[in-house]
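Structures follow.
In what comes next, chain A is part of two complexes: it sits with chain B in the first one and with chain C in the second one.
Up next is the complex of A and B:
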């Protein structure tokens, strides 16, 4: 039996097709991105090796750093909103009737295409006919803001639909983790006289700490590489006020035809994402997992 | 058997504590039932309800304005129910533009990639969990790290490679990219199930002298059908909604998918709200229908595909 199950030809037949796609379309390209970052290249003609010029330009490019700042703001915003999702999930996972239906309703926006979400929210934010400004005018605000055209507001105006899109995803994860906590643990605490607040803070949340860590990584890394809604709703505008790293990179490549510089940004984005993931895991690492 | 396996998988995914399976207990009725408790509970329902309305209302509003003409949109309250629903908005966008072509392309790309991804991922997961070789941990690790790589870091080389081998503006560039980028999450979803799937049936088949391929196709694949369905629906949602790859690799109208197609299409109709609404409704309808009938599977797939990372 072992012989049949360790035949190298069969193993290769079963793994190589998928492995080939993974290497050819994900791993080789990230190496190429780093390499193209060393080139002066407009995407069509020949590449000219210029060493670290693109990378040093990146370090000094204020537009890149303002887009990186926006990406990190989104990461901060997304991470802070995890607290709200956690609170909602703790409530839902208590004895709430209809919790299952509610968490499914919360999930719906996450299943929709970014293009549809972006177009819909552009209509919601429409200066005169959108529901938001209609609502504001009906409560007496005579000149409601132009949400997507105002450089001071645009970033947060886009953060809202991003939160709207992903809220249900995180609530779903927390809810599933909380439902996995053995009922007997909660019960015995209750018999010992613990309040609902104590049970949530001292028992439930510590028990799902691993899941919380994973969601922090997902929220931060997901924010740093975020692209879709921003590209579609404002394309980084007005005047760079909503530009993030991925949209800046995309613009440099496919509007500016500066593929060398865009590759350097793409490689930098990869490094940031991997370093941040490692850093969060390191910072939140506990010496030993809680055992009961 | 199926439910037991899924249950095990869930338990497995959430850390050490959940391993000791507790006997099911009846929830003890809360002793506090005073007026304060009831007000508190009422408040909680109000908050949860507001969140639900916030999540769902934009979609209801979308449906409402997809049935209006511009006169209604611009002159009446945006909350007004259309008195004379303009279903012709849907007929118009479906017949006038290329929406039907985009829709068909989305179906073809999504279906081909889903089949290819689930099959290839099943083969890899089978090899990793069932066969004996030294590098299986490394291969699994390569796929799992693939989950963390931002697509923007691969976009320029992919664009350049596809250009040089003639696959730019070709459906194959999309199908292959979707497959590659969905393999990691699909393997992650399948892996948990394969790990807890009893091996007795497969071992018995080997004893009977069945070949590996026969075991894989006639024993393992049928047994993993439920988790393949879960993985397929998650893949379907991702592929259907994908935007960046199609936007970058495809330029012909004939090959565009709904997401990119409607983005351009809406540009032409920028002032016709009804047409835009109808277009958006058409694009999200398949997902909403899938959700209506398969919500449990979707919920299960999303949790299995995220927490273990």
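Up next is the complex of A and C:
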């Protein structure tokens, strides 16, 4: 068996199916999407080659850039929220009472389907019957905000459930990473007189830096291509006030029947994600390998 | 990696659809034509047994009857819910894999399919005696370049439904003029009742209000001509209609937060008795007549009136916004085209006989009100239809998809007061002249 596994040909053979699937389902479509972006195509009928027209239209499209701005805002807020998650995880990973239960509570939103979360929050935000506005009215605010109808508020109103939705995921990752730190390190620090703050700040967090970097990439890239709650809760509205890049792409393709342009957006979105990922890796690169 | 899976599934869904669409370029038409007389017609529709029980039942019955009358022909159905149906049809058509028979919408929606030569002209079916049974103006909405590509199943107009109980409570009467209507709005608003239920997240809901104002102020042709480019969207009547919308918004005529509510959410304000009026297509009629899930008391208290005339306007009371709803198409590349056309004809005929009595759908074919047993409200609507002076097709259906998107977004901004009436018409004109 070992012999077989060390044979390069056998290794090739075993990786081929996965490679094939990856090529067929991910890479070929990516190339095709880029290619369709060069076409004037309504999704059916014949395609007409128009070169880079779709891409130059994209550069000049204020609606696209406003949706891109919204996506970047979401990325910023998701990244900032990581600080909070990290804090919670450090506390949970310390030996506090009920940590186990709390961890489960934080995880619950992650178990809900996006559609359920969207429905739930639409009820919460309902302008007249929602819990939130009822609460506000009961404390004397007569004209509580219309969360999903007010173009100045809608984006932030949707950010809250999005960030809430993924809390459990990041807390779980941080929690697992923190639990991986050998107890002996923490103990020896404590013997040397380090406070809880010192232990968290100078020992635990530096030790899980690699994990933190990964979560930053996940949060940023995940935000840039975010789609579900926005699609369900507002469909990008009112008038594009909550549009993000992915929902804009969807709208162009399936409501505007402009698959050529939508493909260009999709391809551009991929490029943005790649560049941003590369940038984050670059900025956060460190030489030393962390070893326990 | 849950997050990754999530977002991939979501953003990827659309992207994947784009690409899977392109993956298969086969030109095979569906259907197992040939082979010892056995034929299969693939039929895709959007009435799942759960959410459209009545429709589904009638459809099943019609299919069964057709199969009985045509031995050797089997109908294979695929059922999807509305939005999914729309998406799937798009994907299937880009890979040239449409079902033999399916459901489509009129005018602007139809255009790309016809340009792509995906739908078969159905004039031969129509001229085979079927044409006379349709209400005038319905099949026309499915005609492009003088050929008809779909046979409509439904016909809807949009009246304003009102809650008689609320009207009575505040001593209100059905308005004859727009000024009276504004008075009603004012009275209701002062008494803390939301005058009009509206869910404008869906945008076409607000478009109905705008269309009526445009019609009553500028006459039945002005909007249609602006869209088909015989006229201009910068017609003063269209700007004035936009202004009136904002006057209504300022008067708090619509329920709070309407721009963030879906049509269903808006509707529930009316169904709960929180709002006094609601403008919607006649597909809502079952909720006010036969639907057992709605309390009898509520159903009995609902009436409807026509959008009142605006003083000095050119429109008249009997002009309606509405149009045929869904229709049936036959795929151009079908291998069983003849059988498919037979089926479509059979379907339209049987549907017309049963739809209104069993599902409460007003069919696009003529209904003999004498011979069928119908709730009062239906008879009234059918009579109104018979007396109508004009039927303006829903604006977003008249327009092609790109312009429709612009129109719908502008409607939302207009109601949200993020755009001035001048910019509203200007941006429409720009979008329309670009096409």
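We take it that the second predicted complex is superposed on the first by the 268 of 292 C-alpha atoms of A that agree within 3 Å, B and C clash if a C-alpha of one lies under 4 Å from a C-alpha of the other, contacts with A are read in each partner's own complex, and residues count from 1 in each chain.
Keep this in mind: a residue touches a chain if its C-beta (ideal position, glycine included) is under 8 Å from a C-beta of that chain, and two chains touch if they have at least 3 such contacts.
The model shown is predicted, which means the values in this text are computed figures rather than measured ones.
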Superposition on chain A - do chain B and chain C clash or fit: clash
Partner chain(s) touched by A:235 [first = chain B, second = chain C, both, neither]: second
Which of chain B and chain C A:225 touches, first, second, both or neither: both
Touching partner for A:147 - first (chain B), second (chain C), both, neither: second
Touching partner for A:18 - first (chain B), second (chain C), both, neither: first
First, second, both or neither for A:114, with chain B first and chain C second: both
Which superposed partner A:258 touches (first chain B, second chain C, both, neither): second
Residue contacts on chain A - larger count, chain B or chain C: B
Which superposed partner A:169 touches (first chain B, second chain C, both, neither): both
Contacts of A:29 with chain B and chain C, given as first, second, both or neither: both
Colliding stretch - chain B into chain C, listed as 128-136, 146-154, 182-190 or 272-280: 146-154
Intersection of chain A interface sets (partners chain B, chain C): 28-29, 32-33, 36, 43, 110, 114, 169, 218, 225, 227-228, 246, 249-250, 253-254, 259, 262-263, 266, 269
Footprint of chain A on chain C - complex, ascending: 2-4, 6-7, 10-11, 13-23, 86-87, 90, 93-94, 112-113, 115-118, 200-201, 203, 255-261, 265, 269, 274, 400-402, 404-405, 409-410, 412-413, 416, 418-419
Residue ranges of chain A touching chain C (in the complex, touch as defined): 28-29, 32-33, 36, 42-46, 110, 114, 122, 125-128, 146-151, 154, 166, 169, 218, 222, 225-228, 231, 234-235, 237-240, 246, 249-251, 253-259, 262-263, 266, 269
Contact set on chain B toward chain A in their complex: 10-11, 14-18, 20, 22, 24-25, 27-28, 30, 44-45, 47-48, 51-52, 54-56, 58-59, 61-62, 65, 73-74, 77-79, 120-121, 123-124, 126-128, 130-133, 139, 142-143, 146, 148-161, 176-177, 179-181, 183-184, 187, 203, 206-207, 211-213, 216, 237, 240-241, 243-244, 248, 258-260, 262-263, 266, 273, 276, 280, 283-284, 287-288, 291, 295, 298-299, 302-303, 306-307, 309
Chain A - residues contacting chain B, complex: 1-2, 4-8, 10-11, 14-15, 17-19, 21-30, 32-33, 36, 43, 88, 91-92, 95-96, 102-116, 119-121, 123-124, 129-131, 134, 164, 167-169, 172-173, 176-177, 180-184, 187, 190, 207-208, 210-211, 214, 217-218, 221, 224-225, 227-228, 232, 246, 249-250, 253-254, 259, 262-263, 266-267, 269-270, 273-274, 277, 289-292
